[in-house]
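I have a structure here, written as structure tokens, and I will follow up with some questions on it.
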Amino acid sequence: MTKLKWGMIGGGEGSQIGPAHRLGALADGRFELAAGALDHRPEVGREYAQRLGVAADRAYGDWKEMLQGERDREDRVDLVTVATPNSTHFEISKAFLEAGFNVLCEKPMTVTVEEGEELVRISEKTGKICAVNYCYSAYPMVRQARAMVANGDIGKVRLVVTAFSHGHHGDATDADNPRVRWRYDPAMAGVSGQFADCGIHALHMASFICNDEVETLSADFASCIASRELEDDAMVNFRMSRGTVGRLWTSSVAIGRQHGFEIQVFGETGGLRWFSEQPNQLIYTPVGGRTQIIEKGEGGLYDEATRLSRVAIAHPEGFPMAVANIYCDLADAIQGQARDSLPVAADGVRSMAAVHYSVDSAKQGGAWVDARPPMFR
Amino acid sequence: MTKLKWGMIGGGEGSQIGPAHRLGALADGRFELAAGALDHRPEVGREYAQRLGVAADRAYGDWKEMLQGERDREDRVDLVTVATPNSTHFEISKAFLEAGFNVLCEKPMTVTVEEGEELVRISEKTGKICAVNYCYSAYPMVRQARAMVANGDIGKVRLVVTAFSHGHHGDATDADNPRVRWRYDPAMAGVSGQFADCGIHALHMASFICNDEVETLSADFASCIASRELEDDAMVNFRMSRGTVGRLWTSSVAIGRQHGFEIQVFGETGGLRWFSEQPNQLIYTPVGGRTQIIEKGEGGLYDEATRLSRVAIAHPEGFPMAVANIYCDLADAIQGQARDSLPVAADGVRSMAAVHYSVDSAKQGGAWVDARPPMFR
Amino acid sequence: MTKLKWGMIGGGEGSQIGPAHRLGALADGRFELAAGALDHRPEVGREYAQRLGVAADRAYGDWKEMLQGERDREDRVDLVTVATPNSTHFEISKAFLEAGFNVLCEKPMTVTVEEGEELVRISEKTGKICAVNYCYSAYPMVRQARAMVANGDIGKVRLVVTAFSHGHHGDATDADNPRVRWRYDPAMAGVSGQFADCGIHALHMASFICNDEVETLSADFASCIASRELEDDAMVNFRMSRGTVGRLWTSSVAIGRQHGFEIQVFGETGGLRWFSEQPNQLIYTPVGGRTQIIEKGEGGLYDEATRLSRVAIAHPEGFPMAVANIYCDLADAIQGQARDSLPVAADGVRSMAAVHYSVDSAKQGGAWVDARPPMFR
Amino acid sequence: MTKLKWGMIGGGEGSQIGPAHRLGALADGRFELAAGALDHRPEVGREYAQRLGVAADRAYGDWKEMLQGERDREDRVDLVTVATPNSTHFEISKAFLEAGFNVLCEKPMTVTVEEGEELVRISEKTGKICAVNYCYSAYPMVRQARAMVANGDIGKVRLVVTAFSHGHHGDATDADNPRVRWRYDPAMAGVSGQFADCGIHALHMASFICNDEVETLSADFASCIASRELEDDAMVNFRMSRGTVGRLWTSSVAIGRQHGFEIQVFGETGGLRWFSEQPNQLIYTPVGGRTQIIEKGEGGLYDEATRLSRVAIAHPEGFPMAVANIYCDLADAIQGQARDSLPVAADGVRSMAAVHYSVDSAKQGGAWVDARPPMFR
């Protein structure tokens, strides 16, 4: 079983995201770290990559050097993970896709809708994978929920209600902390704060489980800490293409909520609930029946849930394994087994459209607007 | 300790609401059932009242007969509960208030905002109590939450998020059941379905705990079961007079949610959560600190929580005792001890305004509108 | 509907137990308080009874006076509740039973096994009810559990595991507080502390749900606070007459557990769990199937659960309504409708036997002993 | 950063335990799989090892071949994991320890107490690590609990109550399934069934968190499925060396409990609760105070918790990361940083002693017996 070769851009020493990707990529032995440009300080990055086992000639100083170095190798990397600051995602992903690499891009995939559309087109043209790291969608019980909906187990979906609301930016005395402040500063974060950061995970989850797309939306944004230019709390109502009603709340000032990412899906013949802090259970109620607890690892789950679970029932699998599941799907897809659950550029651009058009809607006092990227209208 | 004399209109045999009021009124021995017009069929009502211990001459055939019979008695009832169909609340409450009786009216207090304003004025003029049965506000831990907010324990309130969403009307095959259908038929239910039925409890709760009023709102209504003319799902965003952001979701098609009434209050220095299905706990997180479980009956609670709790810590007290707490407050108020937590006509009319103006907002695509009754602008 | 006449002994002003009984007895309008000897200070008791609405000639100074006064009245009380200090339960209950009154005795019913057996015999001889207030058994979902077991829904019961463990006596600095200390002082509490106080509720619950009796037991007692002569923590293993294995843990030093009364019942084809702090749900798992949440008030419950529930599904009913359910069963039984779920003297004497023989077992290093009162061997 | 070289014995294709160890060993990049004897069928094992990336000359046919092949290599493996059938643990571990290898042995470490004592002595003599895979002890919040106890945060521990009770062997119709049956067959499982399989995890956890040892015990064993010769349910009461009272329940017929491993620790000034199905929270109640939820990843945890947590607060980490934490401690210990939390041979032999002496106690009707291995008396 030859391992796939993996390269990483960003995720240097001390970052949170680097270890999460390495753990995810390496956990199942499908990839090996073969190349990297891990830090914005070339020497630091080169040294760290080598400490992580990368050969000296593939420990690059920056992404351009890496692109140069890898493009003509026979043993070039099979996958490049882009975990750099948000504003650079587009340029780097574009360059690697065009050079024929598969890419996993951190979210948000791009800053603008136009950039997102361009990545969709490049991915289509080159036939290379442009995945986006909506890793929560890779929890086994989220996959189970999606499969149940697809199979009609809860009937036509009427209503989806989701939240990604935490309280970790709720302390006004900490609001000037640079690690917090940049998210609410348009110069650094773009048009949106909390919705672009967390809300889009919830929006993707709604589309993912319902296997449907958001068509129109109406938004209400608020800066609960008044000094913030961008929103730290948002409510977005939406409608999906098959008529499903959607409600999405996201907040970073909900003190006492730790992660606070949850989804409820209500169909004609049943309801589902999932909560990211207890990800190994899916709560299911058939209409007129009793609420049931579906456990990760139990017998009779859909394949999508079973294949992404490593240890027995009631042995919890957490966030690192969800990231690992994204890499499993990537390995399968690279090796020729299509994985249509893998979040890709089309998902990324839909998110960016929802962000931009939510901002527009909120500015217009909640007016209903088209939520779709122009290319998908 | 002479018991107060209590009369009831509506709540006949087989109704759900009758036993809840009798249990609430009688539980603490402050009231005795002295008069009643319990059924729309005069003879049935008279007979039932006597079976419940009402003297034959005070077992009335209808509310007009009861008003006639009671108004000139020396031992007239101290309190009249109005638990008749919604459309009759106004007329009956008005008549008894004007005749100098204290009234507890079921919700919704009136059908129109104008009627609501009239009851406020009559109550003021006569000096008689016109209470509204927002009984969830009388759970001890809801009172604790209100007292904590008033005392500044969570700082200025930034955000309040509430839901009253259940799934008991989610079965389309049962939608023609008359006990369900009327709620979504404008001829019987008025301008609103689920929001008028359940949403106003949540809206009242938000105002009650924050001790603040809703000033503006923007609404999104949906009929998830398409045959319904009125909404079975609604989202209302709002702002309160001191700037608090509000989010309220109400649904009757959320299959798997049983009662589904909950509230989260986020302030500058802490957050609170309360859930009506586990009403004896209040979840509190100080900013930067750990989440704590506040238990009904523990030492050191605010007086409003302590005085409305009957049995020791961790002995749960449920819905019947919440209704009983409304009657305790009424008994106190009638006997001269003001209870400013008691929901009254001003609360009732604010609810009706919110219902009507939410309908307007939803029709206008979520436009922000003034939520206040004209008399309070 | 004439109300039954009710008399109470003990439960004076300021006691916890008085209000709980009054609330329970009066909540459903089946009883009226007609007589009372409420306080060990005759004048105080007479005055308080009158304040509660008892006629002056039936407001007695002590229980003997009450027995004298009531026995020859035509309108004598239909039921006497004995809520006096434990050591007096036997004498008072015996006297009233022998005079032809129905009795509800607080737990523990007696101090010795012999006294308990005598009450069983007197109750049989006189045909009068001698009930014991094991009120937790009257929660609707406990009745549902019992009915499920009786109906074979979980097959033959293999194992029952129960606990009644709280932490309210866990503070050594408070151990000399007289309200705590007496429970661990043999001069006042008898042979057992925590097991006699709380453990017997759990033991009764196990027998009640399984509809079976404890036959043998082995006990381990500990005084976690060393200054205590009687146990504040105990484990009792037992076997029931049909071979069911039992495990019972009770503690008063389990800091952080508030009420901590729970039971798990495991049969050949399913398992059940119930927790007194969330009494409105019963957790059920069929063998090989998913865990389900059974809700108080849902459709299709057994009659025993449905008839003892007052308000709709997901409207919680708490401890006061469980006590009220005991009084409902008493009212039914007095009026001729047998209620075999009502805990009676046979249950009381079994508890006392278990207490005494557990003490013996613990002293003998956990030796297995017969748990049955001699009269039931 | 050179990776440590790791060898594995057992854990062949299709086993549950193999992937868990590989994931744990490889997740953090501290080890690489350098050698293996993975299957009892030599060719199958060799082939599988090579598929996992092991060089052909280190893909061995059995453990003796591996010992032979590795002992004289300069680049011999730094750690050998023994994940073979229970009866072979002793022989293999002994051989590798004596040859100067560090060993991680699956539980139970040995079959007899004597063998366990021998491993302790060999480990001492050779100075090599003989670790035992009590991996639940490596959850960050278990480490936090241990650190809190060590730091006196709950005062002297009075009482520890633990359970490892599931229902996965509760189906009598499945009892002859060979994967279930062997556990209750003395010929294959030795003297104990469920206690040896799961109970010892709970027993180790009690000792681990309390940092104390079990001194005496009294046991009650039952075969709830009568055809089983060994117990499927057991209760063990114990006392620790500093007087702590212990209660341990283990069962495999508790239908509805999925994993069911939990522990409660009660001290003079506080209580702790942890549950393996929600391993990222630790519940803490200071005496006289409110229950608090301690979250993995929150600020201010003890180092032992912080260093073993990879992703941010409220991003759950599950069972695979707990196993990985054992390997982290092993890597540290091999590289010279002592990790006294690592479970070692002394822990393994104490478990075996508890198993054997519990069996004795149960046979003697619950007699209290010394629980310690002779070498530690």
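Think of it as A, B, C and D in the order they're written, each chain with its own count starting at 1.
The rule we apply is simple: a contact is a pair of C-beta atoms (placed from the backbone, for glycine too) under 8 Å apart; a residue touches a chain by one contact, two chains touch by 3 or more.
Remember, it's a predicted structure, so these values are computed and weren't measured experimentally.
**Student:** Between chain pairs B-C and A-C, which one is joined by a greater number of C-beta pairs in contact?
**Tutor:** Comparing B-C with A-C, the pair joined by more C-beta contacts is B-C.
**Student:** Find the chain most remote from chain B, comparing centres computed as mean CA coordinates.
**Tutor:** That would be chain D.
**Student:** Quick one: chain C and chain D, Cα centre-to-centre, how many Å?
**Tutor:** One centre to the other, that is 42 Å.
**Student:** Distance between chain B and chain C based on Cα centroids, please, to the nearest Å.
**Tutor:** 35
**Student:** Calculate how many whole Å lie between the centre of chain A and the centre of chain C, each centre taken as the average of the chain's C-alpha atoms.
**Tutor:** Once rounded, the distance between the two centres reads 55 Å.
**Student:** Touching two or more other chains, which residues of chain B qualify?
**Tutor:** In chain B, the residues touching two or more other chains are 291, 295.
**Student:** Over in the complex, which chain C residues touch chain D? Could you list them?
**Tutor:** Listed in rising order, the residues are 154, 158-159, 161, 165, 167, 170-172, 218, 220, 222, 224-225, 233, 235, 237, 245, 247, 249, 251, 253-257, 264, 266-268, 270-273, 283-288, 291, 365-368.
**Student:** Note which residues of chain A are touching chain C in the complex, please.
**Tutor:** 290-295, 298
**Student:** Would you pull the chain C residues touching chain B in the complex into a rising list?
**Tutor:** 1, 3, 16, 19-20, 22-23, 26-29, 51-53, 166, 168, 258-260, 276-280, 295, 310-321
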